[in-house]
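For reference, the structures are reproduced in the following blocks.
After this come two complexes, each holding chain A, first together with chain B and then together with chain C.
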Partner chain A sequence: MLTLSSCTSEQLHRSLRDGSFRLYLGQLALKVSSDIPEFIAAFRQLYGDHPVTLGGGEYDFDIAISAPALWRRWLRRNASFEFSGDTPFLPMEVGHAHALFEWGLNWAIASFLHHCLIIHSAVVEWQGKGVLLSAVSGSGKSTLSAELSEQGWRLLSDELALLDSDLKLIPLARPVSLKNSSIDIIRQRHPMAVIGPLARDTHKGTVAHLKVSADAVGHNLVPAVPKLIVFPKWVENAPLRVEPVGAGQAALRLIDQAFNYSILGAEGFRRLVALVRTTEAWQIEYSSLDEARDALETLVAEHG
Partner chain B sequence: MSLLGGRGHDAFDPEAWSLLFSEARRAGLLARLAAILRLDEVGLPERLQKQVKASLIEAAAFQRDVLRELEHVQQALQGLGVPVLLLKGAAYVRLNLPAARGRIFSDIDIVVAKESLAQAEASLMLGGWLTGKLDPYDQRYYREWSHEVPPMTHRRRGTTIDLHHALVMPTCRIRVDSGKMIREAVPVDGSAFWWRLQDEDMVLHAASHLMFNSEFERGLRDIWDIDLLFRDFASRSASFPERLFERAREVGLGEVIREALRLARALLGTPVPENLLPGDAKMATRLVARAVYSRHRQTRPAGQWLADMLLVSREMYLRLPNHLLLTHLAHKASLGFTGTTPHKAI
Partner chain C sequence: MSGGIPAGRPSLSRVALAEALLFEEVEDGALIFDQSSGATTLSSGLGLAMIKSLRSLGALDEAALRAAVQDMGEAPENFTDVLISLEKSQLIFRC
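Now for the complex of A and B:
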């Protein structure tokens, strides 16, 4: 299949303008439209390995990154996230358009894909075993999943675990969102990593996106079987601590992090119970990414 | 089905379906479309099937939540010993009408007699529903000129109740005997607590909601509600259409129901007999048709923004007497006139 980086600039611009562009994110097909050069440049860099088509066809989400209505255009150039022609969020400056796309896409997935139970969690895979890394914002989940992905783990998602009715994890490999100091940490540890433009002074501070490996993108249609649930927490200078978590406790913590648990009703409960019954749950506290990775690889080997 | 322009399902290619779903999502009608056209059974491609399934799951959740919320409201208000009238979506769900199918909403509209309003508000507050912060102007607008107290939101569940004491604005320029509609309400089967409008009045209320409100984003849904209610009641009693027009004359909504049904007939093929309702829609109704039509960039009609503006002006004119209209517009203008208020953070 055609990848984004193999399209010519002219093809890409035309297709993003005339509504014929489709981006394939695993099972999801996105119709993406844009005429904002800053967005298109970052999009090309970060999604280069993703499959695309330029001939129209069916899609799940209809997304446009576009210049906002005239009356919002003064002072600086802005970009809007349009979903089905609606603008659910305030516009942001054009330099943040690629971050707006990622946030908007997260919102769309969490708001509409109710055939899956959607949990706020990173998903990675090691030696064929799926691992949920579930944590509240600010506990280093994205940094840890970026590190694992750079060390050869397969990344399925840095933000959203999608659990389907067969209890499989649906992959959504796409750029990993790094915030503030974690941008430099990943850059220093992995000088070859491709990191997109910095979006400074957003409501989450400075944000940049790590391009995921072509291998992770290439496996985007292969679901993973969940084997471990890990609640990671980064604590400055803390010694490594690895502790088991009971199934009931794990279920309660996942409910807390689920976006559509109540929408799924009894089915949500059933799916969550099945998940914690077929996996083991652990929590780890760490200050060193190397130690955390070692601990996770041991957990997968011994308990996955 | 006239919704698909008289064509069958196979007349749409997958991209056309995707566009239809995108428009429907924009209008909050994907689940309604899925439920009414039974899209889970017509053999759509897998990608579209998943979207249908997800939308039906969401709609089922809304209905479950509404039924549960009604139990909480009943607990809070039962002690007052006054009848509580259910309106719109909550009534459709409680009565299990076809108009409830795939309807995405969460606000619950209820009516109590004006003299019980303060007590009902106090009981709901004890039950955990609180009025959000309003500026003093909005507070006064609601209390003095509107037919409801400000929306009350539950502090834990986040659900919203609109507590009314009448059906339409008391200051409206059209004389509507909404008191009669409320007085002649009937108990909901098997409940000693909930009341509902008569069949005819449910349609009339939906029609007045459509014609007096400037929520065009929801306009298509309102028309569809009217269509589903009409079809359902007419299928149960052949004399329903005649009784509906008779009732409309009685309460002063003759013109409103004719225009609303002309719209529904034009857009959704609502089976209103030609002898009861001859002719085409008037100018104002054609504007409504334009405003409620697809708002999607790819398919919206030309001049929709103009229709929106004309209708907002018309609605304000119909709602408020001149001196209030001027004060209201001046106040809103000082805040800056914006159509929608998007969220700040994601």
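Now for the complex of A and C:
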């Protein structure tokens, strides 16, 4: 299948303008439109290995990153996120266009993919064993998942765990959102990593996205079996601490991080109970990414 | 307030388990999903023993419920506090 990086610049621009561009994120097909050069450049850089088509076809989400209404253009150059023609968010400055795309896509998935239980959690896989890394924002979840991804773990998502009715984790490998100091941490540890443009002064500070490996993208149709639930927390200068979490406590913590648990009702409850019964849950407090990775690999080997 | 029924407090009511609850035991207690409110509770120890008793025996008065949890090996200390907590969570009600 065609990948984004194999399209010519002219093909890409034309297809993004005329509505015939489709991006495939595992099971999801996106119609993506844009006429904003800054977005197109970042999109091309970060989604280069993803399969695409340029001839139209079916899609699940219709997303446009475009210039907002004329009167707003007079103030400064902005970009809007449009979803099926609606604009659920305020426009952002054009330098934030790619971050806006990623945030908007997270919103769309969490708002509409209700055949899955959706949990705010990174998902990675090591030696064929799926691991949920669930944490509140600011716990270092994305940094840890970026580090694991760069160290050979398979990344399924840095943000959203999608648990289907067969208790499989649906992959959605796409750029990892790095914020503030984590951008330089990953850049220094992995000089060859591809990191997109910096979006400064967003509501989350400075944001940049890490391109995921071609291998992770290539496995975007292969679900993972969850074996471990880990609640990671980065604490400056903290010694490594690894502790088990009971299944009931794990369930309550996952409910706190679930987007659509209340929508799914009894089905969500049954799926969550099945998840915590078939996995082990642990919490990890760490200050060193190397120690955290070693601890996770040991957990997978001994308890996954 | 803990221990037995306080002097002067009439034991007028029986206690029953709310309807529309889904109940799943896990290693550290039981997860209870209230289908009417969408709330999920983790219950363990004395609270779990009360819920199990009410599930198996139906509505009970407080004395019978206290005896039932003792039969399950749970010390009835804090019985009233736990009862009130379960009532506040709308997992049980007085009838």
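Convention: the second predicted complex is superposed on the first by the 304 of 304 C-alpha atoms of A that agree within 3 Å, B and C clash if a C-alpha of one lies under 4 Å from a C-alpha of the other, contacts with A are read in each partner's own complex, and residues count from 1 in each chain.
The rule is short, and it goes like this: contacts are C-beta pairs under 8 Å (C-beta built on N, C-alpha and C of every residue); 3 or more make two chains touch, one makes a residue touch a chain.
All figures in this text were calculated on a predicted structure; none of them were measured in a lab.
Visitor: Should chain B and chain C be called a clash or a fit once both complexes are overlaid on chain A?
Guide: fit
Visitor: Quick check for you: in the superposed arrangement, does A:A301 touch first (chain B), second (chain C), both or neither?
Guide: Touch status of A:A301: no partner.
Visitor: Between chain B and chain C, whom does A:W107 touch in the aligned arrangement: first, second, both, or neither?
Guide: Only chain B; A:W107 stays clear of chain C.
Visitor: Check the residue A:S84 against both partner chains and state whether it touches chain B (first), chain C (second), both, or neither.
Guide: first
Visitor: Of the partners chain B and chain C, which touch A:L221 in the superposed model: first, second, both, neither?
Guide: neither
Visitor: Could you say whether A:G265 touches chain B, chain C, both of them, or neither, answering first, second, both or neither?
Guide: In the superposed model, A:G265 contacts both chain B and chain C.
Visitor: For A:I255, select first, second, both or neither according to whether it touches chain B, chain C, the two together, or no partner.
Guide: After superposing on A, A:I255 lies in contact with chain C but is clear of chain B.
Visitor: With the superposition applied, I'd like the minimum CA-CA separation between chain B and chain C in Å.
Guide: Nearest C-alpha atoms of the two chains are 6 Å apart.
Visitor: Shared contact residues on chain A for chain B and chain C?
Guide: 262, 265
Visitor: Okay, in this complex, where on chain C does chain A touch?
Guide: So the residues of chain C in touch with chain A come to 22, 24, 26-31, 33, 35, 38, 40, 42, 44.
Visitor: Considering only the defined contacts, which chain A positions touch chain C in the complex?
Guide: These residues of chain A touch chain C: 246-249, 251-252, 255, 261-262, 265-266, 269-270, 272-273, 276-277.
Visitor: Which residues, counting only chain A, touch chain B once they are in their complex?
Guide: Touch list, chain A to chain B: 19, 27, 29, 31, 56-60, 62, 64, 82, 84-90, 100, 103-104, 106-107, 112-115, 203, 262-265, 267.
Visitor: Which residues of chain B touch chain A in the complex?
Guide: 14-15, 17-19, 22-23, 25-26, 45, 47-48, 50-51, 53-55, 57-58, 60-61, 64-65, 295-298, 300, 340, 342-346
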